[in-house]
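A, B and C are the chain letters, set down in written order, and residue numbers restart from 1 in every chain.
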Amino acid sequence: MNTNSSNIMALAPNTSNKRETVCIFGTGDFGRALGHKMIQSGYPVVYGSRSTQMSNLIPKDAEVLSHAEAAQKAAIIIVAIQRQHYNFLTPLAEILHGKVVVDISNNLKLNQYPESNAEYLAQLLPGAKVVKAFNTVSAWALQSGTLDASRQVFVCGDYMEAKQMVMNIVRALGLTPLDQGSLLAAQEIENYPLQLFPMWKFPIFLSFGLAAFFFFYCLALDVIYTYIYENNNFSFFIAITIPNRVCPVMALILLALVYLPGVLAAIIQLYRGTKYRRFPDWLDKWMLCRKQLGLIALAFASLHVLFTLVSPLRSFVRWRTSKGIISQALNNKTEPLDNANAWLSDSYLALGILGFFLFVLLGITSLPSVSNNVNWREFRFVQSKLGYLTLILCTAHTLVYGGKWFLSPSAYKWYLPNIYMLSLVVPCTVLVVKFVLVFPCVDKPLTQIRQGWERTPKYSE
Amino acid sequence: MNTNSSNIMALAPNTSNKRETVCIFGTGDFGRALGHKMIQSGYPVVYGSRSTQMSNLIPKDAEVLSHAEAAQKAAIIIVAIQRQHYNFLTPLAEILHGKVVVDISNNLKLNQYPESNAEYLAQLLPGAKVVKAFNTVSAWALQSGTLDASRQVFVCGDYMEAKQMVMNIVRALGLTPLDQGSLLAAQEIENYPLQLFPMWKFPIFLSFGLAAFFFFYCLALDVIYTYIYENNNFSFFIAITIPNRVCPVMALILLALVYLPGVLAAIIQLYRGTKYRRFPDWLDKWMLCRKQLGLIALAFASLHVLFTLVSPLRSFVRWRTSKGIISQALNNKTEPLDNANAWLSDSYLALGILGFFLFVLLGITSLPSVSNNVNWREFRFVQSKLGYLTLILCTAHTLVYGGKWFLSPSAYKWYLPNIYMLSLVVPCTVLVVKFVLVFPCVDKPLTQIRQGWERTPKYSE
Amino acid sequence: MNTNSSNIMALAPNTSNKRETVCIFGTGDFGRALGHKMIQSGYPVVYGSRSTQMSNLIPKDAEVLSHAEAAQKAAIIIVAIQRQHYNFLTPLAEILHGKVVVDISNNLKLNQYPESNAEYLAQLLPGAKVVKAFNTVSAWALQSGTLDASRQVFVCGDYMEAKQMVMNIVRALGLTPLDQGSLLAAQEIENYPLQLFPMWKFPIFLSFGLAAFFFFYCLALDVIYTYIYENNNFSFFIAITIPNRVCPVMALILLALVYLPGVLAAIIQLYRGTKYRRFPDWLDKWMLCRKQLGLIALAFASLHVLFTLVSPLRSFVRWRTSKGIISQALNNKTEPLDNANAWLSDSYLALGILGFFLFVLLGITSLPSVSNNVNWREFRFVQSKLGYLTLILCTAHTLVYGGKWFLSPSAYKWYLPNIYMLSLVVPCTVLVVKFVLVFPCVDKPLTQIRQGWERTPKYSE
């Protein structure tokens, strides 16, 4: 059911009485939030607690009993207490025998304990049907009803019917259960809510580092050099001009870094003559973060597009344009159209537009819902064929843009090359090596190796 | 399976004979469409009807029998008649005992009856295994094979094997079954197809109302005032100039309205000293439509970007530019570069670009397939940290853009402020209050309250 | 679980010993890759092979036995050999009786054999519980761990528990199992990985053909004609000017082609007086590729926007602008603002912006994850109402842009119309016919027909 309708449902409690009673052990924050939500969804709730005094924090319609009494009233017991206190459950093992016991606990650190909390609970209560669920939902979200983020609740356990019962409750609360298989998956489920974009960390640090380096490089050449030698104060270049030099350079280098590991892997396989040896660790990790690198490259490319398109609106650009026109007018002459210049300017703009267009297309196909709808053949076609075409177009865009300055000595301030020259090193290397790899005499053995052939086979079936 | 392949399947009937016979009660439009599709997918179909005459509307390969005879031939009976006529089924209760009876009916209004149609059917036929399915698919779509929209078929029922049988049929028709749990979910499933963007209504009305107000406000100040006092006919401002004033104002205000309820909620919780009392209803509803408000704000921001970027192409802007240049040329002087102005112009453009970039990023993460792939921690990081950064950048963009006019009396036509001044009220308020809330002396008690602590506890476990 | 975490999992082998033994028949490439991955995920693996010599290609921790011995050690047997060699399994029928046998084979062509490989296997081994799975995953991806594309594994089979066992293995390998129902679905699952965008082929060929035609049409009129008669070398128009004429024309025509089949279908239904006769085949196929046509139209529209927005940066445009200004300055006059021109220019820009904005909105709602979250009513509202509004806005944009040239004889070089006049034929036709269809006297019978009514009924219930 869609997000919105469920939200509305949450506000209008369903008063149906047909739901089976659920027992919650623990009257802490999450236990109370879950109980509230369950009562709203029509479940009778019984709390099991050390002290059976009523508290105004506990939902009004819920009963509070001792742990043993509460457990006897329900077929499903939700354990909303922390792992350190699980041992208090051992005396209840007999009462919980055959019942569905739901572990909802989370840890504070990744892989904090040798076994997952749910597996530990299953060891303590060998007769109970332990199900892991609800740990990915926050108490605050349940309480406030603002379930904007993922409504997915990962469920795992060794007993199919027990899982089904829990998944029915999950659905009744307006959430989406996702069966993750046996209780062995509990470790991964418990680690899940602790992550903060683990695959993005390295690509983001790398690109921030590189971007900072290029920013200061440009600052030195474009602002400080100009100030010292030409006595022009172009400090306002910091806002747009320099970012618009750094962004395209970053986009091109990061895009090339997406395709570099594939090229390196091919060289390693050709050298070794087999695909059955592991790549070095750094190459494995690099290959796993290619998608992230590509998306960051796309972000830089988008910023480059925006910075470029606003340039006619810039006060500085308008001043420079009118200065040029006025000087022509005052000299009483009109320059004729420079055809070569018109070709150059239109070509690099067109190459840039096509490159950016394909880049956005690549970005769209990497959206989870789109990539789930294409098969391997289609995905490889898009990411490999279209990806290389994008890299070729973007490299050509940079080459045509800056080509004329390569040989001009004025482009080398302080004997340092302009940054777009630096930006061309990696993409040109990737394209040249890829070009060599496409030749049949290199491509054929590589294909054979990737299909399982070995140059020095020790055994063949 | 992906959408496309299934579409092809639908055109090339699968003539396999292994499928079990399905009985359909009712030869109305939906019954016929479903029968057609089932025969295409290889199911033998038997219709149960009051009159057993053959009609040319009924699929050729289907049999038409009396209700009782038809029901005996199949294990699954699909009831394709309206709820008002369900009582004719009571005499058939014995024949339908133990069979899977599928309710596919829809209502004309939300919550038309106290219980769902499927539950009503289950009451009439206590021995049958009632399953709710197919109500979200339209007859026209089944008939024409153009299943462009959602292929999801919500299925619910109290009998697991009965649901499995129905879900197999759903899959065979090229649709995706989604298990929604027990028959209690039928009410929600029956309401689902009647909705028309329920969560969008309020945000859309609000933004249209506000946009209309600002449009006429600008019309008065920019077109009518100019016409009366300066005798300039700038009526063409209606097409681009005024929309490009209204759009950024709307985007900024709506973005601030996304973060205002969170700030209000924090103040209420601090004042009450507890999180265990419900927020006022209006605040609850507001919090539930924050995503929609944010997306509408993004739409206005995108329009603002497009309107701004086309401005160099506008006939009026080109006329104004050349007028300025010509007057300089005729006066034989070249204005020097105004450094402060260059800084100002570049800064607000750069702030706007970065703000818009982050805004689009927020929009992308709110796509269902992306937000399903992030956990709570990641979602809150993006929506809260990046969201506030977006709000800060956009507010700064507006402040830098319009700053110089705050003190200039000519900005106050008819003693009314320019609309970007109005637009700054809400975002500045939100940012100031949020800034106060971030201070440790305020943040610490708030965090405690959100973790379940109470200032005046009546009971603690 | 999210993609990233699973990738990390794959690198850090889970050494849990609780997994049940899995037997793999065949030590070819895919068998080895699958075995490697399963051992990493904690499954003991036994290979069944003709020759039981150890090979260094086979994962170290795996045992290699004869087929019969290996099969006896495990409850799940994965058959990683080609269909042509399946008959060697017949002598093993007794040993495999009651076991779960997983068919992972793929074919080289669509519908290569009359029955699917999995069904053929089930015929050979009548006592085994055959499950189809894993055929959509590539060996190379499993081996390298770079599962960037779809992690979906389609699973089908006639035995629920057997499917559950296989789905648990799929999940343990970090992939997502998708239950596709009974073994009848195997044919479709086996065809799936062979497809390469089947629904996109016709729309892409059509649009490339049309685009090429319009490109050469423009080349003749804008470059060759100008060169011959006006002796101007505008060859650089090839880079931006001509693409920016072709793109909007293509976008408008393709968008109209999305709505044309719906209009034709309505006319056919009105003419026939019934909806119960199949449409001609070409119309059926056309209707099925409307989404693809629309997305290609959106791609052309986006390119048009980019080409238009860069125009102030073009060397040619800047030269033309300064030429105009200088000639005014030298003539010592300032042209007054042409109000009609300002209105015209602002109107077509504003219409274009709104049309493009709605077009992008339509594109976003056609993302799978978004369209899965809307019901039929909402989907039809967006695609029909908003779609026609987009078409109206885009047609108006073209009309206002080019209106003034319709009557000017200079617009007809070589007596040929300018291409934007050609581009208006299809959209205007669609809009006029649709306008007629909306009239109550036409709309009412059409609605009746679509609800199942017939003009000449032969039978009515």
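Observations
In this text, a residue touches a chain if its C-beta (ideal position, glycine included) is under 8 Å from a C-beta of that chain, and two chains touch if they have at least 3 such contacts.
Keep in mind that what you see is a predicted model, and the values were worked out from it rather than measured.
Listing every chain that touches subunit B and subunit C alike gives A. Between subunit A and subunit C, two chains of identical sequence, the interface residue sets overlap only in part, with shared numbers making up under half of the total. A separation of 23 Å divides the Cα centre of subunit A from that of subunit C.
Residue positions of subunit C touching 2 or more other chains: 2-3, 192, 195, 197, 309, 312, 325, 329, 367-370, 372-375. On subunit C, the positions that touch subunit B within their shared complex are 2-3, 154, 160, 179-182, 184-185, 188-189, 191-192, 195, 197-199, 265, 275-276, 279, 284-285, 287-288, 290-291, 305, 308-309, 311-312, 321, 324-325, 328-329, 332, 334-335, 337-339, 341-347, 349-350, 353-354, 356-357, 360-361, 367-381, 383, 450-452, 454, 457-461. Those residues of subunit A whose C-beta lies close enough to touch subunit B in the complex are 1-9, 11, 14, 16, 18-19, 27-29, 32, 42, 49-51, 53-57, 136-141, 143-146, 148-150, 152, 164, 167-168, 171-172, 192-197, 233, 235-236, 239-241, 243, 299, 302-303, 306-307, 309-310, 312-316, 318-319, 322-323, 325-327, 329-330, 367-370, 372-375.
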